[in-house]
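Per-chain numbering from 1; labels A, B, C and D assigned in written order.
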Amino acid sequence: MASSSSNRPDLAVQIGSLRLKNPVLTASGTFGYGLEFAEQLDLNRLGGICVKGLSLNPRPGNQPPRIMETPAGMLNAIGLQNVGVSCFVSEYLPRLREYDTAVIANIFGETVEEYAAVAAALERADGVAAVEINVSCPNVSKGGIAFGNDPVMLKTVVQAVRKATSLPVITKMTPNVTDIVPLARAAVEGGSDALSLINTLLGMSVDIETRTPHLRNVVGGLSGPAIRPVALRMVHQVYRAGLGVPLIGIGGISTAEDAIQFLICGADAVQVGTANYIEPDAALKVCEGISEFLVRQGIGSVAELTGTLKLP
Amino acid sequence: MTGKTIMTSQFWIVRENRLLGGDCGRLLVETSAESASPPRPGQFYMVRLGHGADPLLRRPISVSGVRMGINKPGGSSMIRISFLYKVVGKGTAIMARLQPGEHVDCLGPIGQGFTVPDPSAPPRYRRPKLAVIVAGGIGVAPFPMLIEALKRREVPVRLYFGGRRSEDLIEMGTFISRGVETITATEDGSHGEQGFVTVPLVRDIPDLPAGKTVVYACGPNPMMTAVVEICREHDLPVEISLETRMGCGLGVCLGCVVPAAKPAPDGRAVYSRVCTEGPVFNGEEVDLGLFQ
Amino acid sequence: MASSSSNRPDLAVQIGSLRLKNPVLTASGTFGYGLEFAEQLDLNRLGGICVKGLSLNPRPGNQPPRIMETPAGMLNAIGLQNVGVSCFVSEYLPRLREYDTAVIANIFGETVEEYAAVAAALERADGVAAVEINVSCPNVSKGGIAFGNDPVMLKTVVQAVRKATSLPVITKMTPNVTDIVPLARAAVEGGSDALSLINTLLGMSVDIETRTPHLRNVVGGLSGPAIRPVALRMVHQVYRAGLGVPLIGIGGISTAEDAIQFLICGADAVQVGTANYIEPDAALKVCEGISEFLVRQGIGSVAELTGTLKLP
Amino acid sequence: MTGKTIMTSQFWIVRENRLLGGDCGRLLVETSAESASPPRPGQFYMVRLGHGADPLLRRPISVSGVRMGINKPGGSSMIRISFLYKVVGKGTAIMARLQPGEHVDCLGPIGQGFTVPDPSAPPRYRRPKLAVIVAGGIGVAPFPMLIEALKRREVPVRLYFGGRRSEDLIEMGTFISRGVETITATEDGSHGEQGFVTVPLVRDIPDLPAGKTVVYACGPNPMMTAVVEICREHDLPVEISLETRMGCGLGVCLGCVVPAAKPAPDGRAVYSRVCTEGPVFNGEEVDLGLFQ
């Protein structure tokens, strides 16, 4: 099990049929389409890139203001602005293909059909390693309840995407739920190959001078270090439920120590989100830190860390 | 806007941090010229303040000045930039406490700066007879550097500088010693005319060299809206530097947007990122009405 | 409406039949039984004190470690250690009665009957202004689901307390739910005179060197500034649901600005929790800051702020 | 433990902050004697570090020394306390960056300190012939002040001081100049005996004045467990100063508890708050086994 500490540890991990060169991805919406960071860091050294959420047609996004800082966190209500899946495939994907890293297409829709259509459009494209389904969006035909809040709706949307693509499917769980385990189970039953968690917590902030919300959308998604304890707890819960699929931990990860906490609780890989804004090479630093930790502890492969939490 | 600028995130060493009154200060930071590209007027840096997760995000701060030089002992070349800042919250309060010798992490230079008159610039910026600068309070921050560039190109500069009270009119000494003609206005009348600085601007504008005047503005939004309106009436080209909350400064969070003046063909809004397409925009490009 | 700015603004608020001299209370579990702070601040200047949660019998609490700091927050799993309701009534209440502030007894139980019994024990005591029901506890007879997570269980426990006491009843909502509105409604239907929200978010943190949870209890409650955006959003949601009962905002309130955000979103009063640990007189500073804000804005009474959020 | 101590939260001004090596430092802070009660040996302060919400909680730091004095110009009396600290995380890293002239918010003095020999003290502490102090690494922090108190009462002191490496043995110069007999041990053998400091302690203990020796210990938990065990065997009274994570330092969060050695009559655990019932406990009072 333990290898000589002078060896470079094995960082590769397996997410279903998808092999990642290392367990550190960048989270959707925090890394653009990847190319924006090409000058800031060597994209080839990333485990993967989850691109900004893609819909069938381009979306302009919400009116500003769209973000606000909060203690150790930030709120956003971007409104899922994106170039649309066709533009992504024709304009961005060819340039992304030049890099040796897994490109994961984060997708969303307002209806089950839209999810399936986006997945189908990606199926035909070259250079997408997996599809990540953002289920934190309101289902417009069901009164605006988020797909991810209801096990039946969630299973339906996952099934639809599953049918539309042969790519590995990752379902990205929303944390705004009473019990994440039945929802995680629904996603797995729907055919999800892996789960990523968590998306943002719903939050709000108000300007007391004008008595208006800091976000034009009133509420927004809370991300950053503030949410890390909640994210870690949910990864722990889902891992303990033993659903038999790989987990990708997300939420407030800024350092290798943060990432390792998720791995120990059962994640096979992690995504770095808001931290990219503060240090453009945060994901690389996290990855290097994990490697150093493994060397220091004499662990040969990062996969050996997953789920090794010692419960009292 | 020539030459490729490389944006870097690195530690700069604080050389001086002087309080200027009116809750404002001037910070000088320095680093090796090999590691950092020189900024252009109107560009900014995302400055990391504090050491923990609160404040979390970097703060956008315009460059006020830049100087290249040689460090005596080693003979290595260095770059020194200055920031003018106003304490308005926790990030800028930390900025005011920085001590010489401390290190501060600045990511930049970022964004599209002002169009500096130049033979290769767009027609109206090729050979202006006068550059009018309109600044409101700490909105003056990018202008010392712009004024340097204008002076170097021998473009006469007139500064309209407004504030709430006289203490808001920082760096007046510098402007005067640089020979910048300066017209001031304060809301409380403690310096210059009482009221908004747009009042003397409107009064003077008919007398400015027609077709040969360019306008640059930075300040609170109502002022910017007024300036753009005035310039439109008098057919003067105006560039405005906008402030919005920024998540990343890298063009990826899409948090900093302003609505473009022209919607998409389908009537839906189009948004421009202030960090990437801005912070300096042509006054006609953006919809300031929608933008709070 | 506006009063001369030289007048002292009216800080009194009405929570059902309970009148508070000002809208700033201290939150349960963060202020002991109140007396511990008597040297640090003048208790008479507080709107009220929510004492540490009381059960029928004394409880030793959880094994340590019980707390851990997180970014802008802290996790706790104290395990509801307390002296028991009888001891509180005989030992602490007499001394608390000497202060002119509202003493609110925070209560909990493992069964509906225990909740009712604690409420009944307080009913007979002198000096308790109201009962606050902590419903974030597992119902031992229902497989350990928290009372506050299920509308039926929640209504039952509120009804039982309601029947056991003539004191004003405040239900303290848990935030670990998909939709807080139906739960708030259940509490009101059960007879709650007011709602306080939020209790802590479930979170977790891990020591990567030992691979053990930082808390012996594995998971714990996240409090502090980190959770403020989530708390504010929930107060906003419940206020907009128009349930017709007063709301008390809780969660990450450290400054007057924080408190005013909650008032604007619909809270009639607030509780200061974790901030008491950092500044023992935090609640008084919040109260003074609210007063200064009212003066500055020319508002005569704090009650005029409640629910004045301007929606775009 | 005589006289009423008032716990206050206030700003102290940093007078000196010196790095000592081994990631340790000594911080001197000062305030007016009117506003602050003097601490007793073994007490601590909850120190606020940073300006935002991260780090959020205050950090418990023992007093290492105290001096009362008169400020020259005004003649006002002042109190100066010193802290010894080791940088282990973000709070202590901020502490290491404090500059003279800065203000630091300290809440205290807090807790039950060491029993200092005194005619009114419990029997075994009335007239000891020797005080043995066992310190592990930064656990030495409260002892300079205890040693002062012991010296003032003319109790001879012997210090057993262990660390991982020689740099961990801070303030050795002070102890030696104070005439404290000091026995050292380091795990890497770079200073004194190689191994744990409990080894020389065990060897020496039979020769100590029986019934007339008192022991004080502060250090990592395994060391404390060993010291309590050793003292139990030799029937020596021992006081230990414990470290647990603290939420408040005020006795209200119940976050800092250790299990008492004796459970309740019904067999259930009883917990003591380290901030209020401690941090100094009689070695027999607490259950160190359960306590990680």
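Structure notes:
Here, contacts are C-beta pairs under 8 Å (C-beta built on N, C-alpha and C of every residue); 3 or more make two chains touch, one makes a residue touch a chain.
None of the values given here were measured: they were computed from a predicted structure.
Between the chain pairs A-D and C-D, more C-beta pairs are in contact across C-D.
Centroids built from CA atoms put chain D at 46 Å from chain A. The centroid of the Cα atoms in chain A and the matching centroid in chain B are 36 Å apart.
Touching two or more other chains at once are residues 63, 71-73, 224-226 of chain A. Shared interface positions of chain B, i.e. residues touching 2 or more other chains, are given as 52-55. If you draw each protein chain as a dot and join the dots that touch, every dot ends up joined to every other dot.
Those residues of chain D that touch chain B in the shared complex are 50-55, 90, 93-94, 99.
Note for the complex: chain B touches chain C at residues 52-54.
Against chain B, in their complex, chain C makes its touches with residues 71-72, 225.
Across the complex, chain D is touched by residues 29-32, 36-37, 39-40, 52, 60-61, 63-69, 71-74, 76, 78, 81, 224-226, 254, 274, 276-281 of chain C.
Those residues of chain D that touch chain C in the complex are listed here as 6-7, 9, 48, 52-58, 107, 244-259, 264, 268-271, 290-292.
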